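Common to both upcoming complexes is subunit A, partnered first by subunit B, then by subunit C.
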Partner chain A sequence: MTAVASQDLAAPSSDEPPGGNSRPAVSRTPTWRRLLRRPLAVISLAYLVLLVLAAVFADVVAPYDPADLDLDHVLSGPSAGHLLGTDPLGRDVLSRLIHGGQVSLVNGGVAALTFVMVGVATGLVAGFFGGWTDRVFTWAVDVVIAIPGLIVLLVVLTVFGGNMTVAMAALGILSAPGFARVVRGVTLGVRQELYISAAKVSGLPTRHILLRHVLPRVTGPILVQASLFFGAALLVDAGLAYLGFGVQPPTPTWGGMIIEAASVISQQPWLLVPPGITLALATLSFALLGDAIRDTSAERTGRQSGNARRRSAARRAELPRPAGAPDPAALLSVRGLTVSLPTSGGTADVVADVDLDVRPGETVGLVGESGCGKSITASALLGLLPAGGEIRTGRVQLGDVDLTTAGKSLLRSVRGSRIALISQEPVASLDPVFTAGQQVDELVRRHHGGSRQAVRARTLELLTSVRLRDPESVARRYPHELSGGMAQRVAIAMALAGEPDLLVADEPTTALDVTVQAEILRLLQSIQAERGMAVLLITHDWGVVAQVCQRAYVMYAGHVVESAPVAAMIDQPLHPYSAGLLASMPGRGRPGHHLASIPGTVPAPADWPAGCHFAPRCALATEDCAAPVPLSEPAPGRLSRCVHHDRLIEGATA
Partner chain B sequence: MLQLIARRLSVSVLLILLISFLTFVLQSLAPGDVAKTILNSGSGQLGGGYTDEQYQELRRALGLDQPLLVQYWDWLSHAIRGDLGVSPVSGVDVTSAISSRLPVTVSLVVLGTVVTAALGIGLGMISAVRGGRLGRVVDVFSVIGFALPNFWLALLLVALFAVSLGMLPATGYVPIDVSPAEWARSLILPIATLSLSATASFAKQTRDSMLDTLSRDFVRMLRANGASEASIVFRHGLRNAAIPVVTLVGLLFIGLFSGAVFIESVFALPGMGRLAVQATEQHDLPVVQGVVVVLTLVVVVTNLAVDLVYGWLNPKVRVS
Partner chain C sequence: MTASGLLEIQDLRVEFAGRRRHDAGVLAADGVSLRIDDAETLGLVGESGSGKSTIGNAVLGLVKPAAGRILFRGQDVTHATTRERRRLGQHIQVVFQDPYSSLNPSRTIGQTLGEQLRLVRGLDRRTTRIHVENVLRQVGMPADTMSRYPAEFSGGQRQRIAIARALVMEPDLVICDEPTSALDLSVQAQILNLLLDLQARLGLGYLFISHDIDVVRHMSHRVAVLLHGRVVEQGPAEGVTRHPDHEYTRTLVAAVPSVDVAAEAPPNGRAPHRNEQGEA
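Let's look at the complex of A and B:
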């Protein structure tokens, strides 16, 4: 038994989500069949079946009687007559191994059965009835988990005269609490679902509800935990046999064979190998099988089709093309930015051929629905793409530095001092274990250095500049003690620590209350006015754009579809997607009319059409839209990625 | 925080009472009793045979004729004063038997925890930051470490390093005050065994915790605003990842006490585990019971320590 195994028994549930991930009904193929598609699961299962069959038919399968002595051939090592060699009394090791499986597997089975029965029964009852039952359950679980399991097994063995069946049942009980918690969690979840309440109200007997509706939902976790536990129980069983408990010699057991091997370790160390490996492989098989069951039942049904995969591969070939020249007057100039991310079927471009400029001191909006690629664009600008994400082509020119080719250290020196970030969830964007002051301190120290006092003084200055009323007290607080608005101010202070030229604000107000939103926007505006800092504001909210931005880019499905001065765009959008977004703003709704909305949703990157990405949802779409659409300049300072932009103007004037 | 500790303490006291009482109940359920064991074992000068009168007399002398609760109260009132009774089998004072064995087990478990946690945290951190191949190696070995019986692993190490290479002693224990060097040599293989089976799984859990931390919003925020990579990994990453890791260290420490039972038997180390096994073989309940109580105490104290460290690391718990 491994040292941690006993603990794993007590809490085998760490990576099992409590919400019950096992609903085989969702998928078309049954779980067991999907399980058989996994080679490791098949090998594990085959090995275990082999062990069981060998143990059941031991008398037929074993080449010798396990008790047959052959004193002329002791400790022979593997040979043709004795495939796995002979022990100190000349008994055939293979035959003893086969017979030894009988005791071990039965003991493991007793433990696993007790484990499942106790765990399921208590977990179901506690989860389903709640109330005081649940409180007693929680308390009992706390107590049993704290019991030093192995020693209690020794007590049980003392009291019951070495009876292994009782000991294994005790092992099952002692290990059940962690598992019972899982069952309880799943049951709680199921209980709150409507159809269970309906069943209760309609007077179905509780027993029926539990067995017919709740139990099937916990089968996944039960199988996973039972498999892992069976493996662990085999180790405990062998360990106790090794310590001299349970079935006594000459009856063969795996643990007993290890003791016998230990006594002749200097003459024939080989003897350690067969029982040890047999046992280790059995436990390994149970562990792998458990993992495979977990993975199978957690598997999502929605897989990318082979078709879509090929299409995204085709698009890979169509790019790259050389990026246009950056605008020398701009602070940030993005050209032809194409970003790919890993998906279930390989990689897909989620941002394609984006051009974007931010001039010094300007506030620029980047607008779109969720899933259109605006946040990924922001991450790409900062060199912070998630794992597996990659800038495939394009330039991100920040002053004299191209961030796409900059080395890590250059990128690090740019971040904070020239380009900085504030993000959506203000509280989550602060480290929970440090105070607000410590976190601002760190960035002040990083960018300016100086003594402790100087750093803290600067921190307080920054906190004052973001209009925090009592900066000293805020500096002493931990993030969980701050409100969303206060946390966002602290985050802004952190972003300002390096006096950046450009602040990327990724949905800075989305998670905040409406009144706080307005305050934060005003704060951003005034800071910007004071410092002459440029802001790239990423949002889905036109109200925000109208209030603070001079220009805006509208993104849809990885493309910039329109860019224009904000006032002009709101007045007359030149892309049907911007028009649709603007029309669906609640402020634009007319009393007595349905609020306009764009039919459908943003498609996943793998499903983007080859031509205009918006065509499938567009009322103006024609066959011209099936070919890739470049950005055109229908009016000075305005860009649109639509072949029908003139029809939008006609529609508006007609 | 105080409330949490108070709750933990109350559960702990109940736990110790419950477990010690349960062993008493189990004892009374068992066929035969200590008096019979003594008379049968022959250590009481009587050889094999004895009369019923002798048996009853011994029962009275041992207090076995009293009701269970009275016996328990008697034991408890002594136990609180540190007197865990006398072994009826060997005649040894249980408290002193345990306290002479405790240093062996504690050296084994403490050093095992330190080695495992240090290696595990190191490997886990490196594989979290560097990722890739090392991460997969850690994954594979954590499953193998779970599957290998540690007493068997111990025997393999003995076969290799003690029998074949003759580098280290196969069995035995040298107290540290006799010879620190020999003490260390006698513990190398036992500790290696404990750590080999536990390190990979510890590393895997540390890595998962670290990866979880590094994927959180505040790390992106810090990176984007210019915090150094060293600070992100060692100051913010380590500090946040440490919160679940502390719980893991506690579980490891407790788990190694179970592991030590086997390891002490393989290496013939005179520790508590071996004492418990021998007492179990001899039906020597007072000794087994003493070991149970001491180990429960260890578990309780460990959990309390984990709670305290947890609170110290996690401001949310500390304040509330």
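Let's look at the complex of A and C:
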């Protein structure tokens, strides 16, 4: 079963993020303000700003003229007169450093600016327009990357008589292709977004779409790359000076100062320190700044961002109550199951105090909207909670095994042989590198062993039992060569390989067309009749529940709010949430008229009220609903977590 | 009713080239003829890949038809230029399925809704603001929505905002491509109600695309059923979806699992909203 199970429940399925449907609290502060909350970013930025300001106002700030000779104090270390000492000609090192920044920073800036302009313009155009522009782009990128950069730089410098501006621009161009590819990649993604289509439909000019819709999405990468590259360009600048290019003495540059220091290193090693540290810190600051920008822009696009999720901890007080005794007649008996998941601000209980029974051979539905905890409940049953997820309290009794206390190896042997899973995305649940036959083979071998032929024979038997028309040809195919319906049949065959007593089916037909859905449901029913297997069917579709389930549990915001035989529940729901869901089905409304609807949406776990979780959306809510509401038994075989369930009956008969 | 109605599609054909050189192309729409009048909803139903979205996209100018004509108020817009599109954008708008990718995450709702008014209509800042606030109110969103980002809203709220974006331009026709397929049942009901209200109030025509027959029946005056890019049956919504003529439609309808036993009367029904003209 691992092939199916591990991929699907390893992470909470996309329909049930813990943050669910309600507004995730995303900070609205602009990126730059959030950047300023990071100490390292602030220090880096301050240092760079300081360098730039010093260079700009060098004439005012520098204590000496950088060319002033003071032959009485040659090669002095730091002193009161010369804070950073003097060089072999007695010139003030601090002043030369400040003036040197003018040349070095301008060179770095030229390179970075060229880099950004070339990278963004080409990447954006290639990604957005595609077609031949993209082909030319790809070709050009390959060519430029193949060119040996240093040699070109040296040639450029020779041809242009050592002009560093031209050389730095060339450096920018030569380094741009990798960056342009990044921009193109992001643009390709953004181009698929529906809001681009919507903008086109409105007739917005292409220029506007590019500048306002696409460009902002790439500003993150642009700033990161530009910052990193600026630092690298400073180093190249110094390196070229070392080779004797660029501005010639006596005009100070950082690279030039390093060379001068190197030539007198035996007499005064200190001289290497000021320009070396200045340059190293500048490069480091650019790198740190780039990283910080990357992190903050990632925060911004993330759908979840944390605040106040911790509050739910305070509410846990309502939960712990001694778990009831498991039902001895049940195959699966869950009592008081409470599951917590990590959220950005701590952890939250996303399933609370769930009781659930499935008897042998029974089909039980688990119904509710996304964010109500259906999938997490299923993954808890199978011991497949996502990383950081934890069963806080409760028992999960499968036959004579308590799955919450069972060890890893026991769990593994139970999965597949006694309890199996099929999931919502049939094709994605299969391993793309093996054929369907190989994947069924592996499970057959694990559960029964036997010779190669015996295993394959059993595989074909299984594929036949899920009514695949040509099992041999299906066995030879890879998952991507199967339609959704065929893939789901293969997944069911795999689930059956261990002859489980209980099949957990998590939205098994949601991704399929109705005609295929009907076939799969029929198949499940007949297999169940043949083998006496029990099924726990998770779905949001009442039609599916009505068609195949005997009993159903309705979940809302982590709680089971109602359970009853299906026909009785559909006929007379005893919880306002089930009643509201049933009434909002378009098939039950009068065409063209308002559907009954429940106001609002399912709140995020952190926002669940202390009392009845449904209260904020409930038309029947009163003060009595502000305290935790236990499950009660309004009629034999029926449970409701509502203090006013009787009003639903009055409402129906009035 | 004008001679050619609000939208008329004649013999539309759309082909997609195969992905690789040797793959055969896909005929995503083949001889499709449809028509929508003012304040009318035409439902388009069919299974995945039957060409529903392709037809909507052709009307929106997002895919190029290989043959056939698309007439908007009698005028041929099949091969509209970018400039003509800009003008058409004031009459034909769209609401897509995916509430997560249909709004630009890095722009505020106010910017997204206002840009068309400012750029296409050339309105000033103040007038734009008033317009946008007005439309947001119509879809039931609070006024402070304007200064917020899409990430701050739930799927249902985003879909309301996407509807607001379509309405800002005061269109006559809205292409609704699976507008509620990504939403939960209770939220779907809210959005469907909103779309019905807006149609009654503004006289909008809808091309309503969905794979869900119950939803299409609930929303549409007339329904067309698609199979492999062809319309196999079209007619009044009740007739087509309850007593289909075509074999395929019968299969489709029979496949929908039903809860219903006996509920004929609308549970908790409220004031009727449909203007009678469509149903007659």
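By definition in this document, the second predicted complex is superposed on the first by the 396 of 654 C-alpha atoms of A that agree within 3 Å, B and C clash if a C-alpha of one lies under 4 Å from a C-alpha of the other, contacts with A are read in each partner's own complex, and residues count from 1 in each chain.
Here, a residue touches a chain if its C-beta (ideal position, glycine included) is under 8 Å from a C-beta of that chain, and two chains touch if they have at least 3 such contacts.
From a predicted model like this one, the values you see are computed outputs, not experimental measurements.
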First, second, both or neither for A:P249, with subunit B first and subunit C second: neither
Touching partner for A:T601 - first (subunit B), second (subunit C), both, neither: second
Touched partner set for A:G637, first subunit B, second subunit C, both or neither: neither
Partner chain(s) touched by A:G388 [first = subunit B, second = subunit C, both, neither]: neither
Touching partner for A:P63 - first (subunit B), second (subunit C), both, neither: neither
Touching partner for A:I258 - first (subunit B), second (subunit C), both, neither: first
A:G580 touches, of subunit B and subunit C: first, second, both or neither? second
Larger contact residue set on subunit A - subunit B or subunit C: B
Subunit B versus subunit C as contact partner of A:I151, first or second or both or neither: first
Where subunit A meets both subunit C and subunit B, residue numbers: none
Subunit C contact footprint on subunit A (complex, rising order): 21-26, 28, 192-195, 197-206, 208, 212-213, 216-217, 300-301, 303, 369-370, 513-515, 517-518, 521, 540-547, 567, 570-571, 580-599, 601-602
Complex contacts: residues of subunit A adjacent to subunit B: 1-8, 10-11, 14, 139, 142-143, 146-152, 154-161, 231-232, 235, 238-239, 242-245, 258, 261-262, 265-266, 269, 272, 275-276, 279-281, 283-284, 287-288, 291, 379, 382, 384, 387, 412-413, 415-417, 419-425, 428-434, 439, 442-443, 446-447, 478, 480-481, 491, 494-495, 497-498, 504
For the subunit C and subunit A complex, residues of the former touching the latter: 47-48, 60-62, 82-83, 85-90, 92-94, 96, 98, 101-107, 112, 115-116, 119-120, 147-149, 151-157, 162, 165, 169, 184-190, 192-193, 196, 211-215, 217-221, 237-238, 251-252, 254-261, 263, 266-274, 278-279
Interface residues, subunit B side, partner subunit A - complex: 11-12, 14-15, 18-19, 23, 26-27, 29-31, 112, 131, 143-152, 155-156, 158-159, 163-164, 194, 197-198, 201-202, 205, 216-218, 220-229, 231, 235-236, 239-240, 243, 251-252, 254-262, 265-266, 276-277, 279-281, 283-285, 288-289, 291-292, 295-296, 298-300, 303, 313-316, 319
